[in-house]
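One chain, chain A, appears in both complexes that follow, with chain B as partner in the first and chain C in the second.
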Partner chain A sequence: MKGFLLRLAAKLAAGLTMVFTVATFTFFLVHALPGNPGDAAYEGYVLGGMPPELARAKVAVVYGFTSHEPLVDQYLGYLGQLLHGNLGVSISYSGVPVTDVIRAAVPWTVLPVLSGLLLSFLVGCTAGVVAAVRRNSRSGGLLSLSGSLMAGVPSFVLALLLAFLFHTLWNVLPYGDTSDVTIAPGFTAEYLGSVATHAVLPVATYALLGYGSWLLTMKSSVASVLGDDFILAAELRGIAPATRMRYIGRNAVLPLFTTLALSVGHMFAGSVLIEDVFDYPGLGNLLLKSIGNRDYPLMGGAFLLITVTIVVANILAELLYSVIDPRVRR
Partner chain B sequence: MTDPTPHHDGAATAGARPAEVEIRDLTVVYRTEHGDLPAVSHASLDLRAGEITGLVGESGSGKSTLALSLLNAVPAPGRITTGSVEVAGVGDVTRLTGRRLRRTRGSALGYVFQASQNSLNPLKTVGKQLLDLGRSHEVEDLRGLVRRAGDLCERMGLDADRVLDSYQHELSGGMRQRIGIVLALVLNAEVLVLDEPTTALDMISQAAVLDIVRSVHRENGLATLVVTHDMGVVSEIADRLAVMYGGRIVEHGPAGELLRRPSHPYTRALIGATARIVGDPGLARALPGQPPDLTTLARRGCVFRDRCPLAMPVCEESDPALSEWTPGRFRACHAEPAPADRAAAVPAPRTQDDPIGGRP
Partner chain C sequence: MKNARRAALPLAAALLLGGTAACSPGAGSSDSAGGGTFTTIDGNHPISAGAPMNPFNAAGNTFLGYDTMQLGFTKKNPQDPNDFFPGLARSWKTTDTSITVELEPDAKWSDGTPVTVEDVRASMAIALTQGSATVGAGLLTQGLDVAEVEETAPHTYEISQVPGAKNIQFPRLVLTQKIVPASVYGSLLPADVWDVIHASQSADPARADAAKAAVDRLGEIGKKVSAFAPAKDVSAGPFVITRVNPGSAVLDRNPHFFAADKIGPKQVVVRNYTGNEQIWSYMTNGELDAAPFTAIPDNVLQRILKAGNQRVDAINYVDAAIAFNQGVAPFDKVEVRQALAHVIDREAVTKVGQPVGGTPSKATTGLIDKVAEKWLTPEQQAGLDPYRHDEAKAAELLQRAGLTKKDGTWHLPDGTPWTITLQTVNGFSDWIAGGTVVANQLTAFGIPTKTALTADFSTYKKEMADGKYPVGFWLTALGPGTDAAFQRLYGADDGFTAIGATVTHKSGRGSGNWLNTPASFTLDGATVNPGELTAKLTVLEPEEQKEIVQQLALLSNQQVPVIQIWDYTNVQFVNDKRFTDFPKSGQDGLLSNSPGVWMMQGYVQPKKK
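Coming up: the complex of A and B.
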């Protein structure tokens, strides 16, 4: 138990260091980007047909608060605010605190990503067990082949393909936004149903993206457990097949939990592309828009949130690991 | 051993007690790209209740394959092609399939793995695996099963409560080996197969494990087969001895006599290659040449002829059959048994020059 707490503390310390590093990097990186919010807005107004003088005047009014302090002072101020949980005020959503903007977007990323990930993990691992056990038969070969194919498809290709097939071509699933705009949000069956159908395409994309690599990883893990002595020993003791399958499954899935934690971060990062394809207003979409608008505070906040998610997922994986592996537990 | 009643193929030994296990003409082949290669060829052997049979041979001699075929568990691509393994109260194990085969394994036939092998699920306590075993064999009284396992543990000098609550990684090699024996015997197996029971154990644990094997064997009146490459182990606990080479049983008989007066040239070489604690270690003679593997095994004639000091032309031609050359003792060799072997009913005194004693 003591060893476990020590490891947990180490993980936490490493996580905090990572959060701090990412906060620092994004701060300076974002400021090193060419252009600034004022210029971006000015160009936008001019392109929108506004006379240059008027545009300049409007920028001066709207973005007048843009800091002219030295960068280091801005950075220290940013860190100080960060410690108080204050991420600043969004520029593109003028006047709205970044935390509020992010809070509105987070559920639309977290829920689809997690359910897609869980789905692909369950389906991929189950298929991996079957593929490993039947690796010498046709069905096992076909399963492995499906895994190899799916593992090679880039995320945006898959997203575009699904959007094209299920929305454009067959029009069985809705596209864009989180629910039908004509339905008032609330705890009603109509609204929830609309949310669910709108989430199908992004969730399916996340699930299909993970499926191939889970299948292949699980297959090789099961194949190695199948060669372990204790599986033969269980067979020679006359242990029932279902029990033996449980022995195999639990031992084989163990090393995959580390990968699962890492892939949470991967998926969140991947949501940038996928939400853009589906025009789904989650965190990834928000991040893309904030970059387009040079909304520094929002960008920093979104990056930071993705980092925190990865760190938390890692710590959760560690906790989970120690629950299921007695060699870590005691 | 004075009444050599001939068995149906003349290969088995005679004895007052009926055999618990009768292996007859057993052949196991491995399917490879070079064709079907025999790992065990026409082996016949009896295991009797109350007797410990030692099965010795080098790596690759087929002894583990033979042991696994007792449970009809030869790993693919191997398969049993001829012969039978009759187990008392079960029937021919090689004919069993599916559920009946599974239920026979672990209940009538107990198999104990090498201590260095991890024969336990690392993610479950020993107690939970014991319950899995009970449920798999549809034991109604699981409490009784745990009690019986506890008794066996205590008899082997294990703290039952602690052990049943432990995971594999919390147990030493000697403890794992004992738990392997507990799990093999807890469902009242009458046949116990131990694969290299002392390999990878330190000397003290080896002695302890052999003691335990001996005592559980005696207390439960088991028919025990000990598979090993260690002549020290068999000389310590075996009542009978079978020597395997190239998939064949080349010699077979009462352990004491066979060790004192080995008759087959391979057995002699094997014993001659064992260094002794007393005397000159230089006396140990390595056997020249390499043991055959499945691809280099002679397809015709005696499998040992290439390394045999007594090889004759006939050895090229025909494979010697295992036959009883003196009451109770069997060998598969074309060479005449040395007269000294036949005559010596009394153990010859061991000398420094001849640590085995009674060699021609």
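Coming up: the complex of A and C.
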């Protein structure tokens, strides 16, 4: 237990260092972007018929939430606020706290990412076992081929393809929102069904993207376990095939748990492209909008949250692995 | 379609962590409410998840003409800035110093309380906290500059301008302010807000510090107003927001709206959008009853029309142009700019760049063609140089500017080969496509030209302001007012600044925007300062503007600070599957407003089954 706590403390310290580094890096990076938050708005006001002087004055008020202090002072202030869990106020949202804006977006990234990840893990691993056991048959070959294909497709290509097929061409699935806005939110079948329908395309994209790598990794892992002595011994002792499969599966899936935790972080980062294609209003979509709007606090907050997710996922992966595989603890 | 959607539901449910097994159809916009739900996209206003229902918030989820009301809605009449559709104001009268507004006597908020003078007064005060006022009223004021709001008779209010100010836009500015309930927003304003406003309006140099302090204080109040998040929408428009999702909003008919009998739809759903493709996709599926203008290629147009959408065209007071940094040689020479105008075949460029929503510009005047026709005499129009595609003329002009052609390519007077980089912006598909054609035409003429893409519009503006682009695409000829159009060529971005009654010019050769225009020209033997002339347009009545507009148009045609390529057309789409009685092409004033304003005028009625 003491060893576990020590490892946990070390991981947390490393994680905090990582978060601090990323927070520092992103702070200066986002401020180095050319342009400023009011530029696009100014053009919009002028194109809408507002005299330029008024447009400038309006931008100064409505987007006037930018600090004009020296960058280093801003950075120190930012770190100080960060220690109190305060990410500042959004510029493009005219002073709404960044935490409020992010809070509205986070569920719509967490839900599809976790659903897609779980689905891809379950289907991919199961298919991987089948592909390994039947590696010399046609079905095994086809499964392996499907895994290789899916592992090689870029996320945005897959997302665009699904959007085109299921919305533009056949119009069987909606996109562009989290649910039908005419249905009142609540724990009702109608609302949950609407949420589920709207999440199908992003979830399917995450699931299909992960499927290939899970399948191939699981196939490889099962193939190596199949050659282990204990499997031969089990076979010789006449243990039922279903039980043998359970032995194989449990031993083969072990290394995949680490990857599973790491994948959470990767999928969070990948949400930027996928949410953009489906206009799904999660954290990735918010991050893109904040970059376009040069909303530095919002950009910093979204980057930071994605970073923290990846760091936490890494720590969990390592701790999980040490729990499920005692050899790591030695 | 419905069956297919139902079939997808169990799959969806299974995907979501053991979600529900039985679900109803999800997206109801196209099928719901028996034609009672009007689905659209607000082209000026995407939905912002987490933003408040506050019209003063930059990302606020409110919708002009649906829930958010003004006293009137502009018809964008280029020769009468005060031509309006009635909003909360039934009628209005203007004088040199004020506007008297008669409110709709039955105007009520969605909570059933009447719209009163307190609401108008609070709304004007809020408007003045939002950067709408001119600091230190003077000859060249452009601001709202409200001095008082006084009730002169039941439902009638006089809104007066600051003494000494003369802004022909004052009535327009008053009528287009958002009117919000004092019961919701009034508490954000300090009791002495009008004292602060009056202090900020002082033109007395002795009280300049107090004015500055008052302006700062107004700015602070303005920020508080912008960040405010009302618990619910209280509106005086035909609809009131019921719910805002992260990607759409639903508004239900406001039973207290003063002209509720005119409003056809029972409900409005406003969808989010992130790009043109999304809007095209919704239209192709027949999901939108009305769609805003988007740049659109011809094949997509055919697909959209085939899906049962109808195109409605209206005037659009904006033009795509190629602009020059006149601080960079050889673009400082007028002959060079004129030569390039002769090389570029605008018709061919428009055909590729904006085949659906663009018309090749007839001539560069600083105005779109339809506006220029209204201001210039037939003789003046005939005298404009259209810069027809004429390579021989272009070659002659370049030679006159000292350039030479060797081995098929043009060389600068110092002998170095002349190449051009034409800048466009990522995401502006029409500029990118048009820019490629321009580059090919110039290259074929002997000026090797490549296009370059800037990552996004913010970067484009920043780098443009830093003078990094010698040649690039830009939007000009803004309107409907001629002052806005010429501000684009001879305004603040060109170094012309109006302070009080004086226009100063900051010389910015080599720095600043590409529209780096000199401060004086000779036109018909007289010296003219385009910055001064442009600034004067803001204080002259339309009939007094004519001579200046003509001078500036002729000057722009002669000097070619930009080459106008195409005038945009406001191409919108409507779908009469569920509703009928939409505005028709040519109803420019109506089509420049949101469908909510159409509905207030009695348009958009449910289709009889």
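For this structure, a couple of remarks:
Methods note: the second predicted complex is superposed on the first by the 310 of 330 C-alpha atoms of A that agree within 3 Å, B and C clash if a C-alpha of one lies under 4 Å from a C-alpha of the other, contacts with A are read in each partner's own complex, and residues count from 1 in each chain.
Just so it is clear, contacts are C-beta pairs under 8 Å (C-beta built on N, C-alpha and C of every residue); 3 or more make two chains touch, one makes a residue touch a chain.
What you see is a predicted model, and the numbers here were worked out from it, not measured in a lab.
Room for both chain B and chain C is found when the two structures are superposed via chain A, with no clash between them.
In the superposed pair of complexes, A:Thr243 makes contact with chain B only, with no contact to chain C. Of the two partner chains, chain B is the only one touched by A:Asn251; chain C is not. After overlaying the two complexes on the shared chain, residue contacts for A:Val101 are found with chain C alone; chain B is out of touch. Once the two complexes are overlaid on the shared chain, A:Asp229 sits against chain B while remaining clear of chain C. After superposition on the shared chain, chain A has more residues touched by C, the comparison being chain B against chain C.
Remark: in the superposition on chain A the angle formed at chain A by the CA centres of chain B and chain C amounts to 160 degrees, rounded in steps of 10. Of the two partner chains placed around the shared chain by superposition, chain C is the only one that A:His167 touches, whereas chain B remains out of contact.
Of all Cα pairs spanning chain B and chain C in the superposition, the closest are 28 Å apart.
Common to the chain B and chain C interfaces on chain A is no residue.
Residues of chain B that touch chain A in their complex: 68, 71, 73, 75, 102-107, 111, 113, 117-125, 132-133, 135-137, 167, 169-170, 180, 183-184. For chain A in complex with chain B, the residues that touch the partner chain are 228-230, 232-241, 243, 247, 250-251, 254, 324-327, 330.
On the chain C side of its complex with chain A, the touching residues are 1, 4-5, 7-9, 11-13, 15-17, 19-20, 22-29, 32-33, 37, 44, 47-52, 56-60, 74, 76, 129-134, 142-143, 169, 219, 222-224, 226-227, 229, 243-250, 267, 269, 271-274, 278, 281-282, 284-285, 317-318, 456-463, 475, 478-481, 483-484, 487, 491-493, 498, 538. Across the complex, chain A meets chain C through its residues 33-37, 39-44, 46-49, 51-54, 56-65, 89-90, 92-96, 100-105, 108, 111, 114-116, 118-119, 163, 167-168, 170-174, 176-185, 189-190, 192-200, 203-204, 207, 276, 279-281, 285-286, 289, 291-294.
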